[in-house]
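Below you'll find the structures, each written out as structure tokens.
Same chain, two partners: subunit A is paired with subunit B first, then with subunit C.
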Partner chain A sequence: MSKMFGKISEAQIGAALAISYLLFNLVFWAYPFLWLIILSISDWRFFDTPSFSGLTNFFVVLEDPEFWNSVWNVVRFLGYYLPIVLTCSLAFAFGLKHLGRGKAFVALCFLLAHISSGVAYSLVFTKIFSSTGPLNSFLFDWFGFKIPWLSSPSLAMLSISLVVTWKFVGYYGLILYSGLLAIPREIYDAAKLDNTPPLTRLFKVTLPMINAQLIMVLVFAIILAFSIFTEPYMMTGGGPLESTNMPMLVIYETAFMRLQPNRAALMSIIIAVASYLVIKLIRKFLERDVALT
Partner chain B sequence: MINFRKKSLGSWMISISMYALALTWLYPYVWMVMASLKPTPEIFNTSLFSGTLTLENYQFLFGSAEKLNRPFLRSLFNSFFVTLSVTSSVLITSAYIAYAMAKIDFWGREKLNNFLLFQMVLPVLMFTVPMFVLIKQLGMIDTYYAMILPGMMSGWGIFMMSQSFKGIPNDYIDAAKLDRSSIRQIVFKLMVPLNRSIVAIVALFTFTGTWDNFMWPLIVISDVEKMPLAVLLATFSKQYSAYVGPVMAGAVLQALPLVLLFIIFRRYFMQGMTLSLK
Partner chain C sequence: MKNIRNIILFVVVGNFLFLNGCSDPNTTAEKPAGDKEIRLWVAPNETQEAFWKIAVERWNDSGKGTRVYVTTIPATGSSEHAILTALVAGNAPDISTNIFSGFAAQLANLGQLEELSAMDGYQELIVARHMGNIMQDWDQGGKTYVLPIYSNPTMVWWRGDILRRLGIEDIPQTFDDVYRLSERYAASDNKFGMQVIAGKGWADRWFDFISFYYATADGAPYIKDGKAVYNNSAGRSVLTFLETMFKNGWTSTDFDSEEPLVTGAVAGAVRGPWDIAYFKQMYPDTLKEIIIGPMISEKLPADKTFTFADSKGLVLFKNSKVKEEAFAFITWVLSNDELSLLWLEKTGLPPARGDLTENKIFKTFYQANPLAEKYAAYVDVAVPPAFIESTIDAQKAMGVEMIEPVQFGTKDRETALADAIRRTNKLLRLQR
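Let's turn to the complex of A and B:
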């Protein structure tokens, strides 16, 4: 009897704990969510009362060249970032698998980059990439030229991708490495028996076997591309000539500098939906079930 | 035989280049620390390990910067205060709610679990603007509350802990109940110690994420007295970009706590990174 009583009161405690979480989310999740919808279909400048404006914001955002430029910049960023970071982190994963001694040390060095603070390393790379910085003085001393890493519209995005690559190679590499470890040895032995050339082995055996990890890295990279803020804000401020103006910078400026929260809210919905759709497409067309039978 | 030797030479090359790359990866850190220890005019004119070494940049940061309306010492305190508040709150709430989710049978548990999963899929970037509206309506712009309250509970933390708590045999809990342990005792004397690594992982990743958070405090804090270090450093470097030495000293302060945490708790960090893969 007492046990039963104890059980009831425990279920109540459980429900109370769950309700505390729901109440928290009512305030800090559902309410903002409601405002997101209100903002996107109204006209408001933070001070007056919102007035319903229907689809006006939608058409304004659709015709906003700065917004579309930032979406295009996501594509440009991925164009640089994906090939560089995928190649580097694959190489890192193979290298790590190959290493006998010092695995932990090597992983530690690469992961130290991954936990560095965004503002701090953005500032450091701004100085390293500057025209008098160590990278350019090295290039000038040895090869007699300098590269305008952050001040050229055609290079700034590449430079930012390189910095972000520096940060993420260790983490992505570790993900791929865990995939490599899971590949059964027999598959390689079979490929070796068949005399499969190394490149074929890579594309027909190894990469398909770590499909799940590759997709995961891809998804992380895409989420990052749509939501990156600190690095472009600190290193280029979106310039030169808006060549690194990413969506989050546009949203930040639209909402808090130009005081147009409705357009910013709608932009953030569009960006969120776009990133969701891209990830969905990637999953649909690239994800393979490689369960061994 | 020859084949074997050739392979081992190649494998040596790979190993050595991996070590070399690993050290190269640390170059930005080394450069940052060295630059923070040199007088500004020497930073771009001396090679990495030469030049006068001095602490004047740090002295400037903690002394003269105050006169430029940049209270760095205060901002360091702000960063620690906000980060520790959020982290301890996330730990306590996650442990309790995760225990409920994992071990207590209550109505709606499945639904809550689905809600958590749904929340984690939804992109956070959508919430920035409306969250600002909420904080503004609550009259919390330019207060610590603006930085702490929205992060006090974490769906991710609850999810991670409850996944791990599920693995603890019910016998342990029943035994604790026979000893008339309260829920608080079961959670903090039994579940947390038994799931030490997952708790450490949630703590470390919450700490890192909050310390590193930049956009949100940039939006809600404009009073220099309440700015966390990341934001104060950013405004300082935008306005006084010629002060390279002090800026680098600030970057060292901003990066250092995370680096130290990572080196001390690297085992948990590594575990956490591989755990999220499953």
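Let's turn to the complex of A and C:
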């Protein structure tokens, strides 16, 4: 092997590896994206030849209340999900940092949720949250009331956010944990010498020092909000009253059930651009350079 | 330079091999051998697959026509998805089963289906299978593109032991009967009278609103001549029934946790014939207590109560190069009484034919399976869903604009009904 590569320079090996990456992206990213653009300005229903339709699809999508409601649902989802998942992930990261033994075991336990099948745990949570499920039976038996976790238009999105938080808290928590480990101990020692209260230390030292990790988690969460499919599809079917109907559900149904791939293509471009812009804004306003020099 | 060329060659070949490795290894190996062969896709369902394998084996052994090659519809998100992908990729079979009316309407409008009613021997097949009445509901603009294989009437299952405990001797058949039962049963701790909403998905409307509507409207369509027409007295009655059940707490928004008939959370629920086999395997003790009644409606009908037919059929694709041979096979399978009996024995689903209770060949089966016989008696008054392309949107509109707002009390009945009709008509107009 070494003889074979003996005459090849590092630059050539690098180029070869880069070609693999470029080819992969050409096939699996650039080609589909180009096809999406073509479809979004075409009239095509799978079997005929695409014909140029100008802005027709744009106007149809613009007037589609279901699609724009699903975009609004992304905002609602983020409104519930971000505070819950950030608080829980931070709590997990702090807990892990202060844990003496069994860190790997605890981290593994939380990560198990992350690698679980979306369909399987969605079914489990559907049963748990059901109005006749164990959670509501317990509440009814002990306190005499039930909570319509998945059947109330105002609570269903919160319930989905809780399930997604359960899935991602270990993963996000580990990212934040790595940030906590990277904070030099001397900074905390200096803060203690200045008699800085714990809350001030949290907001003036810890959180700014893990800004990079927080931004990373935020970006992941935003991407997730725009692309979530399995949980709402399995648990609520987008209801009740379309309160959990997310863009991916609308795009899937438009393409494969209504057989309107051109409109679905345009919707997916809009979602891609919207998620990119939100991430850019988040980074512009919240990202800080906290490198210690 | 030579090295760079080698590297590029290595990478290209490597990528090619990688991509090739992603392809389905069976696609080429499974291609039928020989000059002419009919490719048949069947539902990915153990019992249906067992039936078709036997039927195809008998056909191939008989030497009556071109050999048939049977496989299940490839595993993807849904049968529709798999068939669509195959059609676009040019790998579609000649015949496919497991086609519901809405998908058939879409494929027919896109010019992908062969008109079966124009094939030689079609009329003879309809007569031989006693499908004359059934086929009236499968008409699409005067043409037939799909032949129903089975027709599952929706019926109401009642827990006989609960009815007896409540002192109810007759099976509830009207909305008023259900109110009376619910009043008594829901007074017990955390119980409900009847499950009236089947679920959250668009397809669940078949098993609640549409079933109740057909029963109350004597099988009249809910969409006619490209317009939603359920803003009539039948539609209003059904909506009033649903509202009454929710307002009084006689039903729940969902029963996702456990089978409510088993736990006794409800005394009755809409169920299909497929549930007989399921209960036999999972809840045999509950099944012993089950009494099957007709679909509930506003008033007692003069004759049998109409109901919804959960029905799927087979289609012949336009691109098939063996259309006549394929239709000969279809005719042979569907007009063969013994194969209808085999279908019934293997799947427990009533074959879509109008002579199930009269034909002697089914007698022994139904004597041994009295619950299945109840379903067989309603096949001729079971109406399939509207033959429209926008099945999903039309049924979503029923849920989002009408049933859910009435359920949550956010709209009054008339507004909800008017909104659902308006939204459905708008999308029907757009897709025309």
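The working rule: the second predicted complex is superposed on the first by the 263 of 293 C-alpha atoms of A that agree within 3 Å, B and C clash if a C-alpha of one lies under 4 Å from a C-alpha of the other, contacts with A are read in each partner's own complex, and residues count from 1 in each chain.
The definition used in the following text is that contacts are C-beta pairs under 8 Å (C-beta built on N, C-alpha and C of every residue); 3 or more make two chains touch, one makes a residue touch a chain.
The structure presented is a predicted model; accordingly, all values stated were derived computationally and were not measured.
Asker: I'd like to know which partner A:S151 touches here: subunit B for first, subunit C for second, both or neither.
Answerer: Second partner only, subunit C.
Asker: State whether A:A272 touches subunit B only (first), subunit C only (second), both chains, or neither.
Answerer: A:A272 contacts subunit B only, not subunit C.
Asker: Per the contact definition in the header, classify A:P240: touching subunit B only (first), subunit C only (second), both, or neither.
Answerer: In the superposition, A:P240 touches subunit C alone.
Asker: Any idea whether subunit B or subunit C touches more of subunit A?
Answerer: Between subunit B and subunit C, B touches the greater number of residues in subunit A.
Asker: Contacts for A:P134 in the overlay, against subunit B (first) and subunit C (second): which applies, first, second, both or neither?
Answerer: After superposition on chain A, A:P134 lies in contact with both partners, subunit B and subunit C.
Asker: Look at A:I175 in the shared chain and tell me whether it touches subunit B only, subunit C only, both, or neither; answer first, second, both or neither.
Answerer: first
Asker: According to the stated criteria, A:Y31 is in contact with first (subunit B), second (subunit C), both, or neither; which is it?
Answerer: After superposition on chain A, A:Y31 lies in contact with subunit B alone.
Asker: Between subunit B and subunit C, whom does A:L193 touch in the aligned arrangement: first, second, both, or neither?
Answerer: The answer is neither, since A:L193 touches no partner chain.
Asker: Mind sorting out which residues of subunit A both subunit B and subunit C touch, each in its own complex?
Answerer: 12-13, 15, 20, 24, 27, 46, 127, 130, 132-134, 137, 256
Asker: Within the complex, which stretch of subunit B touches subunit A?
Answerer: 11, 14-15, 17-19, 21-23, 25-26, 28-29, 31-32, 35, 43-44, 48, 93, 96-97, 99-101, 104-109, 112, 115, 119, 122-134, 136, 149-150, 152-153, 158, 177, 183, 208, 211-212, 214-215, 219, 230-231, 233-234, 237, 244, 247-248, 250-252, 254-255, 258-259, 261-263, 266, 269-270, 273-274, 277
Asker: In the complex, go through subunit A and note every residue touching subunit C.
Answerer: So the residues of subunit A in touch with subunit C come to 7-8, 12-13, 15-16, 19-20, 23-24, 27, 45-48, 126-127, 129-134, 137, 140, 148, 150-153, 236-237, 239-242, 253, 256-259.
Asker: Which residues of subunit C touch subunit A in the complex?
Answerer: The contact residues of subunit C facing subunit A are 3-4, 7-8, 10-12, 14-15, 19, 77, 80-81, 84, 87-88, 106, 110-112, 190, 199-202, 252-258, 260, 263, 265, 389-390, 392-393, 399-400, 404-405, 407-408, 410.
Asker: Would you mind writing out the residues of subunit A in touch with subunit B in their complex?
Answerer: Residues 6, 10-15, 17-18, 20-22, 24-25, 27-29, 31-36, 39, 46, 95-96, 98-102, 105-113, 115-121, 123-125, 127-128, 130, 132-134, 137, 166, 169-171, 174-175, 178, 213, 216, 223, 226-227, 229-230, 233-234, 248, 251-252, 255-256, 261, 264-265, 268-269, 271-272, 275-276 of subunit A touch subunit B in their complex.
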